[in-house]
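Scrolling down, you'll hit the structures one after another.
In what comes next, subunit A is part of two complexes: it sits with subunit B in the first one and with subunit C in the second one.
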Partner chain A sequence: MTNARRPLALWFGAWLLGLIVLSTALGPMLWGLPVDQMDLAARNQGPSAAHPLGTDQLGRDLLARVLAGGRISLGVGALAMLVSVALGTAIGVLAGMVRWLDGPLMRLTDLFLSLPLLPLVLIAITLFRAPLSAAFGPETSIFVLVVTVIGATSWMPTARVVRGEVLSVMGRSYVMAARSTGTRGVTIATRHVLPNTRSAIIVSATLSVAAAIITESTLSFLGLGFPPDFATWGRLLFDGTAYLSDYPGRALWPGALISLSVLAIVYVGDGLRDRGDPRNLR
Partner chain B sequence: MTLSTTLTGMALGTLMALPLGAAERGADGEVRILYWQSPTTLNPYLSGGIKDNDAASLILEPLVRYDPTGEMIPWLVDELPTLENGGVSADQTRITWRLKDGLRWSDGTAVTSADLRFSWQYCTAEGGGCAQVAKFTDVVDVETPDPRTATVVFSKPKPFPYGPFVGAQAPILQAAQFADCLGTRAPTCTEANFAPIGTGPYRVKEFRPGDVVVYEINPEYRDPWKPSFATVTIKGGGTAEGAARAVLETGEFDYAWNLQLSPDVLLRKQARGKGKVISAFGSLVERIAVNFSDPDPNLGAARSTAAHPNPVLSDAAVRRALSMALDRRLLSEIGYGPAGRPACNLLPFAAGDTDPACLQQDLEGARALLDQAGWVDSDGDGVRDKDGTKLRLVFQTSTNAVRQDFQAVIKEWWRQIGIETELRNIDASVFFGTDPGSPDTMQRFYADVQMFAGAYDGTDPENYLASWTCGKAPTPENQWQGSNVSRWCDPAYDAMAAKMAVTGGIDARTTLAKAMSDALVENGVVLPLVDRGRVSALVHDLGGVAINAWDSELWNIADWHRIKN
Partner chain C sequence: MLNYTIRRLTMALPTLLAISLIVFALMELAPGDPMARLPLSISPEVKAQMREALGLDAPSHVRFGKWLWQLGVVEPSVWIDNLFGTALAEGQTRMISWQTRGPVMELIGQRLPQTLWVVGLAYLVGTMLALPIGIWSAYRQYSAFDQIATGVSIIGFAVPPFFSGVLLILLFSVHLEWLPSVYDTTLQVSGWDSFTQQLRQMALPVAVLSLQTTAQISRYMRSAMLDHLGQDYVRAARARGVSEGGMLLRHVLPNALVPVVSVIALGLPQIFAGAIVTEQIFRVNGVGHLLITSIQANDLPTVQTITVLLAALIVVSNLIADLAYGALDPRIRYD
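And now, the complex of A and B:
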């Protein structure tokens, strides 16, 4: 019934996401204006040929800032997703395959799920900012910190979904057959379990990219996270809200890009799940 | 500065022009004033709110008011008592006030020194919860040798004895009306608190707390020609934005108070042509404080303590260069618009003798100064260094849109003179919080420079200036409590502060205060940026207004009038 539309969603999502990723990756090279260049004579200007999205309250080009901000936001999203999916998959597979680990690992998952994440993230940033900053410099350190913190606090849904899939796969007759022939657990995991839980992992991965982008924006929006002069979408949105009634574009552009990226990623995830689901092929 | 001087000039001009115009008392009808916070009582002793104090100032008056420049002017007395004229005793423990002749309350009875004595008793009565009790600190008695003379006696020498009965917060109450309202009974005297009998140009006609106050002329007011308006309405409630619209765009109201709006919003509303925006400057100065100690995290517990001088900012040339690279005019314009003016000094009354060079950004000069001091870019990375130390600073402030803009602009200017800046912003409740356990408070100052605003409460800068003395530096030993966040320590400055504590006489104190403020600025302890003021709006045909940040905004409402053309 919806089969005809679903590939469309996938293609639309992939196309939109590709466009956003490409333009943020190549944009700063093609659009030559530096991110931090201030032109105090050209403050608060509307869209023009020189500044297609206008300039902000310090005369910085908004297009350049949005493009540069996307690099950080998408970068944080992708890396945090890797951390969270790796953690979640490992915990889910272990819980599903090793019976005596199941209880403790799932209680740990419940524990993390019941923690209020935002305060936890704020505390982590307050505690670790200074030592990391000394080690990596202010910007890299906060990038590492944000990625780790988001990744380490968002693996729980993945772990739960993966465990469920693993349990159902473990009950299948071919896994029992493999077991009875003495195949080692690691081999069963890589040969049988992981391929069969692939679509669940991909879906959680896309969802966690979306969640990570939003968490990073929230942190920047709260004035934490990256230094104030460092453009990310969340930071731009935060700065833009002060001017919402006079220059709505300031907040709308980064806000729309956050929404569009998340939407595109969710579409891609949705489409991939449908593709990977063998029942859909019929 | 120019705006407020013109306004004062205008006010003085109208004062002189008024008798010629022969405007009759009450000839101008009604004036409508909008306070977006509503007055809830008309007794300033029971409320610390500016809205309540302002609304009461039409009725209740002090002996002395502050004018828009912060100078004291005799109000219900003919002469300000000083050491020179003998009004203040030589040991500085007694100040003698002599009331104007023929002063009457609005009910027709005479104002006497007993009313002064009563006002002191009222505010210091046990359980009265007086909001202005600080004004009467150290007062042990108010003697009343005759009906027009009152002597305030202090328990110890007071170099600045102008606390009691000075300014809008400490006016005189009528003893007869409030006699039964002492102590715990004070808040229960609703009738008296909502319609006090006063000496001011108006008396209450109707008061609905939290909504509106309607005033009519006090028939006993001492000047037969004033006030010009027969009735005054103060309407309360709404938002600053709505208040600005009601005056500047629709003209429904004549005056709107305290418009905390962004500069471009105000200017756009002003462009509609109905009225204009006016500002008054008190002592609130946005500034950058320089850390004289080393905030290096590797120092552990000794971080940001006087034991380790700052490797970069201990050099006076660097501090001077940081200041020279600032364009204060531009900062004031982008950040505060009509509510700001560039500041080169911490004390507003010293603004007149500002060094004009300070207002001029001098990037070339700053570079030359750094070159001379030996800070050169030896490895070509755009950042100056000397003996292996890079000119790198951490610049922190609270989270606030204007402050982050200032940070970005200042970082760029400092980059142009070869200084690299790392910006940090901290939530205001943490930054200004006093939690000794938090590493991010302004007292801890784990950065090289930080930006915030500071002020003193408008009477005398002694305590304010004393906050930069050596003993006031926050340290781990005093749980990081202390006002000298720069950890600057100069015996010469401490000596001036000690002298200030015993110096009497207004002129001598002013001279000393200026010298202390100059010492702070010249030594680069603080880099003043913008003098922040209060903004109100009025319609074009309202005359006589002289907005005042030191006293009630409505302090001279008796002089307000309608401009006819």
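And now, the complex of A and C:
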């Protein structure tokens, strides 16, 4: 793609993402209807002024549910990204800076890359759901569980990219200068290595938000993520497929929002990558 | 090359062992009791006996060893017995599903053909579409065709299979009523009619899965072609008067295909994971469906076996990808 088009893609992605994030964050305040309020007299309604997206089989307002679902889906995406980027960056920096750790950590990364991740995530969530929810209550525990499991199984690409960047930074003369003046390893990492690998970390962070949103939706769609009364985009899509022939909107809205968010995030990531790549500054 | 192959194979074995250990440990760590779902009227003594019968009273390392033995020795020898009529596995206990009380491998054997048909066809269709799209996108870079192909592949990434499946059902089953949305697994292909019916019911699942494959592989094909189209040997071929088609297919394509072949091999496990979702949407009773129902029913032996088989598939496709690289590109030497 030409360079002239790229900033446009970045702006388009950023605007779209900002719009989705803002409306899901502020939406429940502006759109006053409660998420779980059932109104059996107004079941299965089409779009109207009172319910712009209609209501579901229990008379719950779809717009309110979609907005609330977005909070959870985007929240899971962002928090799982934090877990995965923190893990990946730590492992990548350690492997790039500490020579004797490089081999073992990269073998570990390879091992994780050859795990069948989707089945393992499904198993982990099913097995740990019941005991955790007894300890922390159903809502917090499933949220924490999903975030942890997705984060712990998606750090590998970040670790690889960061390690490569760290290795190239470690060969620069300013790192050698810092070393020769007796700077401690931790200080070199925070003052020289991390700032210079920033753009690579940001790009892989955007990609892992997108991947986490898709994974969470997949889990909810398979019925093994969030519980049924918990509105997330994946869950709403799953519930909507049962009424696909009569009320397609119920599956289309959450599905379209998942795809639009992922699309926006991918555009932002692509735009940031080209910005951070000095070869494109010419 | 032979040395490298042997070295790679010996590296694959510890990887597989480590993966099966992780899968086993995950099940061990999880609190949860296979006896928890039995009726309360069963007395503790009987429960203890059932535990013993299932081999659950042994310490975990013994059970891990037994499980590996069953997976690596007993099940293959049962398979050989079935093929050649020998009796290698006589007297050995096989892995038993807690759900059906039958051997796990027979359960998987019943479900595998459906999955293999859908996944295999999707992979074939996806790759066959991706290669020409990638080649033409690169040859006519920035053309309308290239832009559309780029757009479609971004959509292929952004629209996850569970949503593209829903969209296709809505269009082709609900609105146009051309194709069935539910896979009829009892259908026997016995003649022309049932064959077309089989094709029609496979169309949607295959389309969903191949969209993912096409989106990914066509990107790799495009960038690999672009890497080579700018090189001097292409200009030299043109200068000698080689036709454009001959230049593309006989000079550029073989070079550009080398990295793409390994991408194709590496994508195989991914499409199996995609099949878990697709089988759920279209209700194909394949291996992915078996996995989901076994997870829901807490049938640990079946879940463990399917997961390890998927891991083995990943390890094998990594192996194929590595070896293909060396076999296709004579410049690569592993010494």
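In the analysis below, the second predicted complex is superposed on the first by the 280 of 282 C-alpha atoms of A that agree within 3 Å, B and C clash if a C-alpha of one lies under 4 Å from a C-alpha of the other, contacts with A are read in each partner's own complex, and residues count from 1 in each chain.
Simple rule for what comes next: contacts are C-beta pairs under 8 Å (C-beta built on N, C-alpha and C of every residue); 3 or more make two chains touch, one makes a residue touch a chain.
Quick caveat: nothing in here was measured; it's all calculated off a predicted structure.
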Identify the partner contact of A:124: answer first if only subunit B is touched, second if only subunit C is, both if each is, neither if none is.
second
Quick check on the superposed pair: does A:227 touch subunit B, subunit C, both, or neither? Answer first, second, both or neither.
first
Just to be sure I read the superposition right, which of the two partners does A:239 touch: subunit B = first, subunit C = second, or both, or neither?
first
A:190 contacts which: subunit B (first), subunit C (second), both, neither?
neither
More subunit A residues touched by subunit B or by subunit C?
C
Which partner does A:140 contact after superposing on A: first (subunit B), second (subunit C), both, neither?
neither
Please work out whether A:168 is in contact with subunit B alone, subunit C alone, both, or neither, and reply first, second, both or neither.
neither
Per the definitions at the top, what is the overlap between the subunit A residues touching subunit B and those touching subunit C?
126, 130-131, 222-224, 245
Considering only the defined contacts, which subunit C positions touch subunit A in the complex?
15, 18-19, 22-23, 26-27, 30-32, 142, 150, 154-155, 157-160, 162-163, 166-167, 169-170, 174, 269, 273, 276-277, 280-281, 291-292, 295-296, 298, 303, 306-307, 310-311, 313-315, 318
Residues of subunit A touching subunit C in their complex?
1-2, 110-111, 114-120, 122-124, 126-128, 130-131, 210, 214, 217-218, 221-224, 234, 237-238, 240-241, 244-245, 248, 251-252, 255-256, 258-260, 262-263, 266
Subunit A residues within the subunit B interface of the complex
36, 38, 40, 43-44, 57-58, 126, 130-131, 134, 138, 222-224, 227-229, 239, 242-243, 245-246
Contacts from subunit B onto subunit A in the complex sit at residues 262, 264-265, 297-298, 330, 334, 399, 401, 404-405, 407-409, 411-412, 422-425, 427, 439-440, 446
